[in-house]
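Shared chain: subunit A. Partners: subunit B in the first complex, subunit C in the second.
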Partner chain A sequence: MLGLSGYEISLITSMGIAVIFALSLNLITGFCGQISLGHAAFYGIGAYSSAMLTKAGMPLGVGILGAVIFAGLVGLAVGFTSLRVRHDFLAITTMGVGFLFIGIMRQWDFVGGEMGVSGIPGSGLGKPGFMFLVLGFGVLTVLFSLHLKRSWMGYAFDAIADDEDTARVIGLDVSRYKLAAFAMGTALAGLAGALYAHNVRFIDPESFGFVESITVLAMVVIGGIGSVFGVIIAAALLSVLPLWIQFIDEYKLLLYGGLLFAMMRFSPGGLAGLAKQILPKKSSLKASGDTKA
Partner chain B sequence: MLYVELLAQGLVQGSIYALVAVGLTLVYGLLRILHVAHAGLFTLGGYIGVLVTNATGSLLLALVVSMLVVGLLGMAIYRLCYQPILDKPPYVALIASIGLFIAMEEIYRIAFGPYGISYENPPLQDVVHIFGITLRLGEVAVGIGTLVLIGALALFASKTRFGTVWRATVTDPEMAESFGVDIIKVRYLNFFIGSALAAVAGVMVALLNNLVEPTMGSVPSYKALAIIVLGGLGDVRGTLLAALALGVIEAYGTIYLGNYLDRDAIAFAFLILVLMVRPQGLFGRA
Partner chain C sequence: MSKLLEVSNVRVQFGGVVAVNDVSFSLNEGELLGFIGPNGAGKTTMMRAITGVVTPTSGSILLAGKELVTLPIHSRVRMGLGFSQQLVKPFRNMTVLENVALTVGSHHTGSPLSALFKVGREDESTRARELLELVGISDAADADPSNLPLGYLKRLEVARALALDPTILLLDEPLAGLNHAEAHKLADMIVDLNTAGRSIILIEHNLGEVMRICSRLVVQDNGNKIADGDPESVMNTSAVRAAYLGENTDHAAA
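Moving on to the complex of A and B:
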């Protein structure tokens, strides 16, 4: 089909899922400036929800919808913590949410405990069909991100990310926007998680741990916090390089760690920031406010 | 007797958390950075401890070498990694630190192998009976060692001139600087002492588990972050209390809640619960 091998199709599918996942965090951390070190928990909630629903005989659509709703609801609840704690405290709280999620999943026999869930139904669309489904959702996510960024809500997020207190002073309902960011971002993570579950068809608690949370944060940060296109490029590259080149897979974490460190140390604006440095005039018109470094 | 035994186990675990967390909270007080890579230094401390002990047969020498090397490396991390990005938004240093930590773990894995290394003749494994409870000599050493080190630190901080300067700088860096304090010197000292204490914790954990592995820093790292948040970020006394409290809560929690939550989840459930009620931490000032 399309002259693509099965291997290439699975690469593109993984890439599409990573892009959706990274953009979901970009909504919370990039647009609204609320750092999260436990985003993989929502990816996990989506994956588990859809897996359990479809294993109980529900169609794929219900599974995905359930994943989105469930992850979004839990995300909304976690969003309330962002009203209580800020900055570093929020980073540690969300990290705690991530560990709590894994801890509960490990002990909960209904979802397989440590063993995880196997035999998750496939999409029933075949590999190429599923790839198109993922790409479709990916395009929708990108369009949604771009639209949101230029909407009234996007500007409000921007103001909150810049300075929460000032945003409040000028009359923005900061709490409501923060909750909205968490609910939308985590719901999208749920979508990505559901797609992941039907793609690999086996999940266990370890698939959604701290390393995954950091990996997705790496995609957002390396792409350039808040920049939609930067994040897409970073997510696509970082998800596919380790699958593509076996040598990199061995040293995947060293690469992620090193890149995260080097990016922050030398170019905190990420790829988008680098692009702006190299092409200052071309992008100055539309990119002002793209990155908040 | 179970209660007392659990309390003792909890306090031993809490002592180790305390040694790791003190350095972390001091760095936070000075620089407002969540120094995640601190746990990478803890792991390195464990490796050096085991390697030197196996080579020379002396645990004490290993402890000293480990503290020195790790302390110096801590200073280097400050100079090379944090100093250039201090004026950036806080998430920059946090993410850089996480990246550094992950890279450090990977370097240990590549250098020393994924399965870890052990003592050839594990020291301090004898069993002692105190007040009717049974502890290993190593656990007693952890408790006493922590007391001595934290006591020495408290004396240094309260009785010496440099200690006073140090405390003043941690409390309010800008004010201290305006009084003529060389805050760069204080930062170096701060990183040296904090990292050396983490190295001691690393050697001790290596002793208790008789194993050093690349990822042994992960759990203490996240726990220590939780602890300094509970202690009210930058507050040394609060951090020490929070460390011991968390050790004890985990010890009891694993017995009574173990069927629902594992040890780490209990710690973080406690963290989230406390933060929702007191966003400034258990012992932090509002």
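Moving on to the complex of A and C:
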């Protein structure tokens, strides 16, 4: 079909899932400026939810919907308790949530403990059909991201990402906006997780660990915080790199950590920023800090 | 005249420093009140207590009879407080115009969900441009605020506060960084706003302009209120003279 080999189809499917996952974190970190080091936990909640629901005989649609709702609800709960804290503290809290998730899943026999869940039902659509399903969700996610960026919510997120205190002074309920970003981002991560579960059909706690959280953060930062197209490109590249070049898989943490660091240090605008610098367009170096009267 | 804002026995303490010491004053409807005092008097701190950026140790702040002290900043702003800060805080990831237009559209951003369903900024941008013209910086509408001099950023703060269409406008040193002519012009604009019915508290070191435009003065020194009344008699009280003579007179002489 379409002249694509089975290998290419699975590559495109993986890319599509990674794009949805990365755009989900982009809502939180890119648009709203809230760092999360435990985003893979919500991907995992989505994967486990849909896996368990469909194994219990529910149709795929119910599994996916359940994944979105569960991940979003847990996200909302985590958000309520941790979004009042300052940026750096949020990083620690979300990292804690990530480890907590792994810890619980390992011990919880109902979801297979360390052995994980196998025999997850496929989509029933065949490999190409599933690829189209993933691409369909991918397109919807991209359209939603682009809409959000243009909306007044995106406008308010810009303000909050730049300076929370000033955002309050112009009347924005910063906590509610952050909570909204977190709920949407985690729900979308749940969608990506569900698609992942039905794609690989076997999941275990290790699939949703710290490395995955760092990987997805690297996609967002490398793509260029907040730039939808930059993040799509970074997610597509970083998700297939380890498949193309086998040895990268072993050095993932090192590679992505290094890339994260290099981007933060040399091109804070990520790929999108790099493109802006290279393309002939006026770009101004920003002076930071307040100006004292 | 009815009291629009009533500050009673407000005290703000930072560790051992009492920045505001049981101060009471009120703002009448339609008034242009000058709130002055030497450096470090606690003027900005009082302003921050009113807007909720700092929490008073004790005291009460009523806006049209409603207690503000327990409310978060954004609620107070939405009840009608517009705040132009001494330390300028433009959003640096937006143009000057976008800074103001976002605030003009504050009725779209009351709840995240309704904000998500609202797109389009033309009307807000048009209004924002008018406000930039009003404060005299429309030539910088499309500029990145990081590249602008202080005089522009001060007026951006004022335009942004005005964009909220507030009942009370709180201005913390809006004239700082402006040259003589610019300061005079902006002071005239403040008078116009007041004449149009807006109640204003003006914190300012430029005493020449303060004396020219304010109908009443409150003076604070070292956290204590030392005078309250019409400008002429306030400036003639010995406590006020002592407070201003006690410090380096670089500001007071203006």
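Heads up, the rule we're going with is that the second predicted complex is superposed on the first by the 270 of 293 C-alpha atoms of A that agree within 3 Å, B and C clash if a C-alpha of one lies under 4 Å from a C-alpha of the other, contacts with A are read in each partner's own complex, and residues count from 1 in each chain.
Just so we're on the same page, a contact is a pair of C-beta atoms (placed from the backbone, for glycine too) under 8 Å apart; a residue touches a chain by one contact, two chains touch by 3 or more.
As the structure is a prediction and not an experimental result, all values here were calculated from the model.
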{"item": "Subunit B versus subunit C as contact partner of A:261, first or second or both or neither", "value": "first"}
{"item": "Which of subunit B and subunit C A:35 touches, first, second, both or neither", "value": "first"}
{"item": "Partner chain in contact with A:110 - subunit B first, subunit C second, else both or neither", "value": "neither"}
{"item": "Partner chain in contact with A:168 - subunit B first, subunit C second, else both or neither", "value": "second"}
{"item": "Touched partner set for A:95, first subunit B, second subunit C, both or neither", "value": "first"}
{"item": "First, second, both or neither for A:247, with subunit B first and subunit C second", "value": "neither"}
{"item": "Touched partner set for A:151, first subunit B, second subunit C, both or neither", "value": "second"}
{"item": "Of subunit B and subunit C, the chain that contacts the larger number of subunit A residues", "value": "B"}
{"item": "Intersection of subunit A interface sets (partners subunit B, subunit C)", "value": "292-293"}
{"item": "Contacting residues of subunit C [partner subunit A, same complex]", "value": "51, 53, 72-75, 77-78, 83, 85-89, 91-94, 98, 102-103, 105-106, 108-113, 115-119, 121, 144, 146-147, 150, 153-154, 160, 163-164, 173, 176-177"}
{"item": "Contacting residues of subunit B [partner subunit A, same complex]", "value": "28, 32, 34, 81, 84-85, 88-96, 98-107, 110, 218, 222, 225-226, 229, 233, 259-262, 264-269, 271-272, 275-276, 279"}
{"item": "Residue numbers on subunit A that touch subunit C, as the complex places them", "value": "147-148, 150-153, 155-156, 158-159, 161-163, 165-166, 168-174, 176-177, 179-180, 284, 286-288, 290-293"}
{"item": "Residue ranges of subunit A in contact with subunit B within the complex", "value": "35, 81, 84-85, 87-89, 91-93, 95-97, 99-100, 102-104, 106-107, 210-211, 214, 217-218, 221, 225, 251, 253-254, 256-265, 268, 292-293"}
